[in-house]
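Reading through the C-alpha cells given below for one structure.
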Amino acid sequence: MRVAIFRKAHFNAAHRLHNPHWSDEKNEEVYGLCNNSNYHGHNYELIVKVTGEVDEESGYLMDLKVLSDIIKKHVEHVFDHKNLNLDIPYFKDVIPSTENFCYLIHQILSDVIDEDKEVQITLYETPRNYVQYPA
Amino acid sequence: MRVAIFRKAHFNAAHRLHNPHWSDEKNEEVYGLCNNSNYHGHNYELIVKVTGEVDEESGYLMDLKVLSDIIKKHVEHVFDHKNLNLDIPYFKDVIPSTENFCYLIHQILSDVIDEDKEVQITLYETPRNYVQYPA
Amino acid sequence: MRVAIFRKAHFNAAHRLHNPHWSDEKNEEVYGLCNNSNYHGHNYELIVKVTGEVDEESGYLMDLKVLSDIIKKHVEHVFDHKNLNLDIPYFKDVIPSTENFCYLIHQILSDVIDEDKEVQITLYETPRNYVQYPA
Amino acid sequence: MRVAIFRKAHFNAAHRLHNPHWSDEKNEEVYGLCNNSNYHGHNYELIVKVTGEVDEESGYLMDLKVLSDIIKKHVEHVFDHKNLNLDIPYFKDVIPSTENFCYLIHQILSDVIDEDKEVQITLYETPRNYVQYPA
Amino acid sequence: MRVAIFRKAHFNAAHRLHNPHWSDEKNEEVYGLCNNSNYHGHNYELIVKVTGEVDEESGYLMDLKVLSDIIKKHVEHVFDHKNLNLDIPYFKDVIPSTENFCYLIHQILSDVIDEDKEVQITLYETPRNYVQYPA
Amino acid sequence: MRVAIFRKAHFNAAHRLHNPHWSDEKNEEVYGLCNNSNYHGHNYELIVKVTGEVDEESGYLMDLKVLSDIIKKHVEHVFDHKNLNLDIPYFKDVIPSTENFCYLIHQILSDVIDEDKEVQITLYETPRNYVQYPA
C-alpha cells in the first residue's frame, strides 16, 4: 500500500537576488526589486511530501512527529531568521532564488530520510508564488 | 479531453492509535499523545479528485453536485461525529491512522464512482499533516 | 500607545455534549450528533488577543515568544490530545461547549498574564463555527 | 534541474450553464441553480503551473513577474468582471463549465509561454470546487 | 456570561453597479469594471456574529445548527445563484454594493433572531475586500 | 448608515530588532533570533479598516479601488522589498517591531484618508503573529 504523507512547516529569512558576474544594470533588469542591496525577506511556507509503503503493524508510512522533528532540525533550525546570502555558505556561489532554495532543501532532506522513500519539496516564497522539486 | 475535478468536504471524529498486540510501553513510544486511552479528535478535511473525460454535451466530467452528494452519503454520513475505533467496524482490526483512513475512503468512493474514472483521496488530519492515496 | 497583539495556536481534543440532568431524548434533541456517547473530536484553533501599552524601549507590548510559551504551557499542554469530558476535571460538571471552553481558556490565561493587560479569546471548533469571550 | 513554478491569480465573472439544444426541463435537471437565466457569478482563483529547466545563470525557471504579467494580460484583462456567455466569443457555442473554462485558459497560456515549458491550469470556481487540466 | 458566536456561510451571485440617475460617463467613472452592463459575479463569504448570554443548562448561546439553518433559509436560499439586480426586488432601487448588501442581510437576520441578541454581519465580496455592519 | 470596509494588501521586507542603547547580551536576551545582525524578513499581510457613513447615491463608503491605490502608493511602494532598518528613515531611532510598524502605517494612512473616516490597521508579521492599532 503506497501512500504519500505531507507535513507543512514555516520559517522566515532575508535574501537578495544578485549575480556578481553581471553589471548592476543587468541585475536590476533581471531581478528588479529583489536586487535591493540591503536585502528584503519572506515568510517561507514549506510542504514536505514523503512517498512510500505503509507499515502494516503501525499503520504509519512514517511517524509525522519524526518527520516534523527532522524538518525542525535540518531546515527550520538552519534557515529560520537567517540571511540566506550571508549566513548560508551554500548561497555564496548560488543565487538564493526559490528554485535553488527548494532544490537545496530537497538535497538536505533526501540525505536524512530513508532511501526507500521519495521526497518532494514545495516551497512558498509568498502565498501566490511557489516552487516544486522534483517537478 | 481528460481533466480532473476536485471537491472538498469536512467532517470531525474521535480516534485513538493503539496496537493491541503491543505492550503499553511500545504503544506509548510509537504513538505518544495519540495513544491516549480516552481518545482525542480531529476536524478532517477531505479532497476527492476524480479524473476522466469531459462529456461534450454537458461540459461536465461529472456533476459536482452529484459528487458532493456521494461524499455526503458515503463518507460524511458514515464518519461525521463518530468515534473511529468504536463506531466503525473496519477499525476493529485496523489502526485508524490517517494512512489507513485515507485508504478506506478511497475504497468506499471507488466502489460507487463510475469505473471509467480514477479516484484519488487527500485527507487532512490537521492543517499541517495530511495523506494522499494513491500516491 | 495602546495596541493589541494576537497569537494563534492549535490543538485537538475529543468531547461529547451531554447534560446528565436531562433525558436521553432531550440530549438527543438539543445536541444531535454532538451527543454521541463514544465522543467525537475537533482540531481547535485558538486566537489569543492581548491589549495594552507598548514598552517604548523594547517596542513590544509583550514578547510574542513569551506569549506563545504561556499558551503552550497553560493551554496546549493541558488540552492537546485529551478527552475534555474525561481528562479535564473542570468539565465534570460543566458542558464542554465551545462557549464554556472559550470562557475556561480566558480564565486560565487571564490568571497568568499581567493584570495591566486585557485578554480576549477566540476559539474555533471548526473552520466555520467559533466563539469569542469576552464579547 | 527540472522544477515547477506556480503563480496564483484572481478574477471574477458571471456565467450561466445552458445547452440550447436541450429542453428547459433537461437544462434544469442537469444544471439546477446554475441554469438561472439571469446569470450568477464567481470569484475564480487560478493557479498556473509551469514546468521546465532552471537557468543556471539567473537561478530562475522563468521570472515570476513576467509570468504574472502574462496572466494579467491574457487572462485577467480578458475575463475579469465579464459575463462569460455574453462577452467571450469562445463561449457562444461552448458551455462555460469550469472544465471548459480551465481548458480554454490552458490553450491561451500555452500559446504565449515558451514551447520548452509545460503548462498546467488549476481553476477554482468556489473554494470547494475546482478543476485541473491537463489531468 | 456574555459571549459572541460566529457562523461562516457561502453563496454566489451576479450583480452590476449602476445608478440610473447618472450618465453613462459618471457610472463608468465611479464604478469602472463593476458597471459592465452584462453583469459579473462573486463568491460571497458571509460571517454572522451573534452576541448574547450563554444558557447555563445547555452551555449554548444558541445552537449553531439552528443558526446555520436560519442562514440557509433566509440568506443562502434567497441569494445563492441569483442576479442581485434582476432577481432581488430590494435592489430595484438600491445599488447592490457590498455595503448595501451587508446592511440588507443584517436587516433580514435581525428580524428572525431573538431580540435579546445582537447581530453583526461581515460580507466578503472577494478574499481581499469586505464590509461589516454595524461598524 | 455607518459601516466598516476592509482591504487586504501584501508586501515583504527585511528587518532586525536591535536596541543600540542595550548591551549585546540584553539584545540577545530580549529579541533572540530576531536580533540576527544580518537581518531576516517577512511577508507582511496588511488589513486596512475604514469606518464611516455610506454615500447614498453611490452605495459606497469609499471606492475600494481608490483605497487599494492609496495603500499601493503610500504603503506597498514605500515598504515592499525594503530593509526597514536601513531603507526607512523613521526606523533609524525606532525599533521596527510589528507594534511600531503597525502604528507607523496607521499614521501614514490616517493622514491621506478623509478626516470624517476612522482608520484601523491590522498587520500580520507571520500567519500566527499580528498586531492591531488602535486597539
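For clarity, chains are labelled A, B, C, D, E and F in written order, and residue numbers in each chain start from 1.
Note that a contact is a pair of C-beta atoms (placed from the backbone, for glycine too) under 8 Å apart; a residue touches a chain by one contact, two chains touch by 3 or more.
From a predicted model like this one, the values you see are computed outputs, not experimental measurements.
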Angle (degrees, nearest 5) of the CA superposition of subunit A onto subunit D: 120
Same-residue or different-residue interface between subunit A and subunit F, half as cut-off: same
Chain at maximum distance from subunit D, centres defined as averaged CA atoms: C
From subunit B, the most remote chain by mean C-alpha position: F
Duplicate of the C-E contact set - from A-D, B-C or A-F, the pair where over half of the pairs recur: A-D
Between the pairs A-B and B-C, the one where more C-beta pairs touch: B-C
Subunit D and subunit E: spacing of chain centres that average the CA atoms, whole Å: 28
Residues of subunit B engaged with two or more neighbouring chains: 127
Interchain contacts (touch definition) - all pairs: A-B, A-D, A-F, B-C, B-D, C-E, C-F, D-E, E-F
Residues of subunit A defined as touching subunit B within the complex: 1-9, 51, 54, 57-61, 63-65
Complex interface listing, subunit B residues touching subunit A: 17, 19, 21, 30, 32, 94-100, 102-103, 127-135
Subunit E - residues contacting subunit D, complex: 10, 12-15, 33-34, 36, 38-43, 80-83, 86-87, 126-127
